[in-house]
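Both of the next two complexes hold chain A, though its partner changes from chain B to chain C.
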Partner chain A sequence: MATATQPVEPVPQEKAAAASKSWRFDVFARWPWLKRLVRMRSFQFLLILPNLIFFYFFLLTGSFGTPVGNRNIIIVFVWILWWVVLIAALVPLGSRIWCTMCPLPFFGDWLQRRATILVRPGKSPGTENRFFGLQKRWPKKLSNIWLQNFGFLFLATFSALLVTRPIVTVILFSIMILLAAGMALVYRLRAFCNYVCPISGFLSLYSMTSTIELRSADKDECLKCKSKSCIRGSDKGWACPWNVYMGKLDRNNYCGLCFECVKSCPNDNITLYLRPFATSDVLIKGYDEVWKASIMLVLAFSYSIVLLSPWGRFKDWANVSETHNWAGFGVYAVGQMLLALVIFPSLYYLSIRLAKRFAKADSVSLKELFLGYSYMLVPLGLLAWIAFSIPLIMVNGSYIISVISDPLGWGMDLFGTAEFPWIPFMPEWVPFLQVPVLLIGLYYSLRGLHKVARKFFPDPAQRLQSLVPPTVLLLGVTLVFLRLFIG
Partner chain B sequence: MTKKLNYTELLGVLAVLLVLAGLPLMLWHWRTTALPNRYLPGTKIINLTAIAPGGIWTEELVVGYGYWWKHPTRARDINLEQGDHVVLLLHSPDVQHSFSIPDLNIGPVEIHAGHTVEVEFIAERAGEFPFLCIKICGKDHGRLEGRFLVAARQDAVENSAAR
Partner chain C sequence: MTQHSLNPVQQTLLRAIQIEARNGGLYESLAAIFAGYEESVVAMFREMADEERQHGAQLGKRYQARFGAIPPVSGDPTDVIEAPDLDDAEALVFDSMTLEQALKCGLRAEEMARAFYNREAAGAADPDLQLLYRELGEFEETHVQVLQEKLADNKKKAASSNSR
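Moving on to the complex of A and B:
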């Protein structure tokens, strides 16, 4: 059994797994105070509360402040600051730590638990906690991230509107809060976060690359455990809102880092590990996740064209609320959807068919290879998003300084910076940062691809042959991004 | 749940309720009390927003929630009394405008989108004083005009002189 003060000694199977995986560093064993902090009942509430204040304030500023995007704090803080911090720091370094502090499902949780901090022991279907509401099961057919995929793609189609008009962001967040609350009253646990939230969808995918993971220290201990308090809850912690059983958790994707399992585990067997970037979770388990990877990569490409490229025509097409060019918008929207849902997945499928043919791989099915190799789209996709976000913060970051003094455009000057001018920060350096970031993504994608290939093809020659087509595809994608970033 | 723990929960609920009620109250307080307190007592504060589509000056605040579906009332004539100490808070929800009251030698004052610009004056003379946008701001630029109608008032002239 792992304790907070002793380093975890892995069992033999785990040692073998660890050897094939990579190093892991037990954070809770090294810093027991962190575990004590996480086990406080009020831990998550104390993280959510500041974000609740900020997001609620943003909703007010979006509603009652200026409609000019770059002078309203909701646009500047959410779509410039929050987005960049989320994609470039929180996800790669902290996995789904945003979900720990996200205020959007707070009211749903409150209604469902009738508690903001405390845990309520009792009986509700499948748990040892007392929940309120109808407690229905989420439909099995929708127990995947397809809704999140389509939701994110739909929102992305209207992104030009979303990132420039404060009221559109207000409407989006209000719908999400209401939907999360409504679903919490009807369905068990966090159905909204698990299956509907469009942000959760891409967090789940890219959290695979993260440098932290919450896992059971000893999986055998979990198998012996009778109470299964991590998923069923106890008088110490709520049943896992993400419906995750720690004994089987082997990827970050669907762990929302609420740390309830750390509180409820009777064996003190849950711990937080540090691990190397983008090398541990390489297993894509479903088509929904493959398409998520495709959608995210295509959107990074599409956003780079619409928001950063010198081709104004695409910007005009996307910005339909200003230009009223509905035909152009139709071309943009349909083109983007086709690219994300059909064209790019087809290219990927073709590369996998060729990989199978090149490797003469009869023992591996096309489906296995299609799912397995798709991890290659994850690190490159994340780093392409980070590369896209670099100019976002460097060029538009100075808006943060002015809106912090006048968050509503009402003429306040709280910190004396309300009239701080728009000054791009070293814009000439943007491509020099974007290129290495993208190449790092390519490196980790190739590395991940190779790691998966080792599992499928022990024979090095066969492995190499199978790697050629997907590698060509990765290089092609990277070249397209390079063309966009450096012209 | 023990009595002690119930206090923790109560504290959590109170914190949330405080946030939900407190933030709108803070904004309302700033708008209704703190902002007028910036100026001398009796100052007439007028919000004027220039809207490029339609060429409208309006005294209504053009804010996020009403931007698309609310049609602001055109402020064609704004009534003042002679001697009024006036602070104009000029806004633009769309493009850059340039405000001017030529007969009072006020302006041009640049109004950048999303910014609030202050113009302060005393209505010393009675009469009609047109105000307008003097920068081409769109196809309806020519309609962006209005008037201050300053009514004569004997004691106001004395007050004005005293100030």
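Moving on to the complex of A and C:
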């Protein structure tokens, strides 16, 4: 008889995605011990616990230690060390691995699950687990990352305060913990992480570039799977806290790498892949994500001006708590917001209009092109942030050594390094590192742009014409950053 | 009597029955995923689950009429053929699932099944088997038409509510 083992034809979109897939390396298949590790029920808790202890300690030092930022461990460790490690290593190499170990939603998770390690089978709405709290649906109109966009922009506007006053950092993180816990009691799953946390917003965007991805090994297995335990949970694992269905997952953005699906999948079909940098996920789905890309790029630019440029006036404007120049701060804040929310998106929009006109692209809508091509802002944005962070660690890194011995700035000398002087580490090399990093960002942005363009325009001539305006914009942005870094 | 001792026509019909039963379960699961989100989507998936079971029962009657009692079959079918699934892994993240998408999800599964059976009918050498594949293709065709009608009906309703 004719057997039916042949799979059904994929839809064109899936075909295109499959054709454009780069190589992948199955990490769990190569190192099964890693899979056994993440399948341990205690895996995530054991990662969070040390961070929770450090975090608690930082909150204490921020509250009771010296108000001088560079002498207090909360400022030095959070805004120099953690930030640099996060943006330059964890995100590009580990996707949202920070979310795996983030202590902020810990109390919310505990209130919702009433368990730190064990899993509760049950019938809470939409799941096969028992959750506590009101379990309400997060408002549909807010089911996007706009709140995260505005939240991050708001915090960035007051960043001078945040990175110099320990108590401000304490207040911020305390609010975030309380908000995460409160929201976990009212709304389902990780509503705080998905829709509110400003850190999560940019992690979501930049995790697209990451060299790892958690995916189903065989999509047909998921298609046939009746339990859908990855999203509904089971007695082995919690329902996906991020509300993601692994059967069709094709980008990293909203996968918080909690690995619950690895535990709950009845078909042992979830695996971790290594993949090339910044060339696999190129799909931007909504305007909120485009604006996130714009905000992040503009903030990298704005921070570079305020903190790295020789123009002290901008630093004075941003640092309103010390200069009390409210008019200057107003110009800085409004200018930054206008640039991130209106001016740069308008420039990008213009480049897309021109791209459509140059390519005479009647079959592709302006919206499709606007969303699709916006991926070009992602690799350049990430690498611009990394380039910005290089002097942060090279110039200010020596503070880490001194605050370890005197975390509260009280004159202690725990490890004999309290008096370690502020010595910038090879500052003359900073531009020589920043420039190649930025150019790598440009390269990957152009590659990503080209990859998206291939989907829209099979004809090479038309594709090339469509690429000219956005490429000019990318080059312009790169030149502006180069001017800031080496000018 | 094992499934392998049956003739190809019996095996094919049994597999079609299994597929309908499995799809009933799949639709139930999809309905459960959206519980508390879009109630219209939940209701539609439940309705589709019921329909799949009815289809299974209809095929069961055909089997009984031709071959007598249906042999016990364990497990789910290994083939995909017709399996409804979400189009978007992030449908719940963005709370973006609509009734139209639910209908399209079902329609796509039925269209895949129709295409599969038609393709098999064209390639089958055994005339009995060819006839059965044709029948199954026609069977799926009626499901496709039902879903297309529902989709058109839903579009009309949406258009009239928008024009108010």
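Following the convention adopted for this analysis, the second predicted complex is superposed on the first by the 468 of 487 C-alpha atoms of A that agree within 3 Å, B and C clash if a C-alpha of one lies under 4 Å from a C-alpha of the other, contacts with A are read in each partner's own complex, and residues count from 1 in each chain.
The working rule: a contact is a pair of C-beta atoms (placed from the backbone, for glycine too) under 8 Å apart; a residue touches a chain by one contact, two chains touch by 3 or more.
Computed from a prediction, not measured in an experiment: that's the story for all the values here.
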{"item": "Combined model on chain A where chain B meets chain C, clash or fit", "value": "fit"}
{"item": "Which of chain B and chain C A:243 touches, first, second, both or neither", "value": "second"}
{"item": "Partner chain in contact with A:224 - chain B first, chain C second, else both or neither", "value": "second"}
{"item": "First, second, both or neither for A:277, with chain B first and chain C second", "value": "neither"}
{"item": "Contacts of A:126 with chain B and chain C, given as first, second, both or neither", "value": "second"}
{"item": "Partner chain in contact with A:45 - chain B first, chain C second, else both or neither", "value": "first"}
{"item": "Which superposed partner A:60 touches (first chain B, second chain C, both, neither)", "value": "first"}
{"item": "Chain B, chain C and vertex chain A (Cα centres) - angle in steps of 10°", "value": "140"}
{"item": "Touching partner for A:287 - first (chain B), second (chain C), both, neither", "value": "neither"}
{"item": "Smallest separation in angstrom, by C-alpha atoms, between chain B and chain C in the superposition", "value": "24"}
{"item": "Of chain A, residues touching chain B in the complex", "value": "41-42, 45, 49, 52-53, 56-57, 60-72, 110, 115-118, 120, 165-167, 170, 406, 408-412, 419"}
{"item": "Chain C residues within the chain A interface of the complex", "value": "8, 11-12, 15, 22, 25-26, 28-30, 32-37, 76-83, 85-96, 108, 112, 115-116, 120, 123-124, 126, 129, 133"}
{"item": "Chain A residues touching chain C - in the complex, by the definition given at the top", "value": "1-2, 4-5, 7-9, 11, 125-126, 135, 137-138, 140, 143-144, 188, 194, 220, 222-224, 226-228, 231-232, 242-250, 253-254, 285-286"}
{"item": "Chain B to chain A touching residues, read off their complex", "value": "1, 5-6, 8-9, 11-13, 15-16, 19-20, 23-24, 27, 30-31, 35, 62-65, 67-68, 89, 91-94, 113-116, 118"}
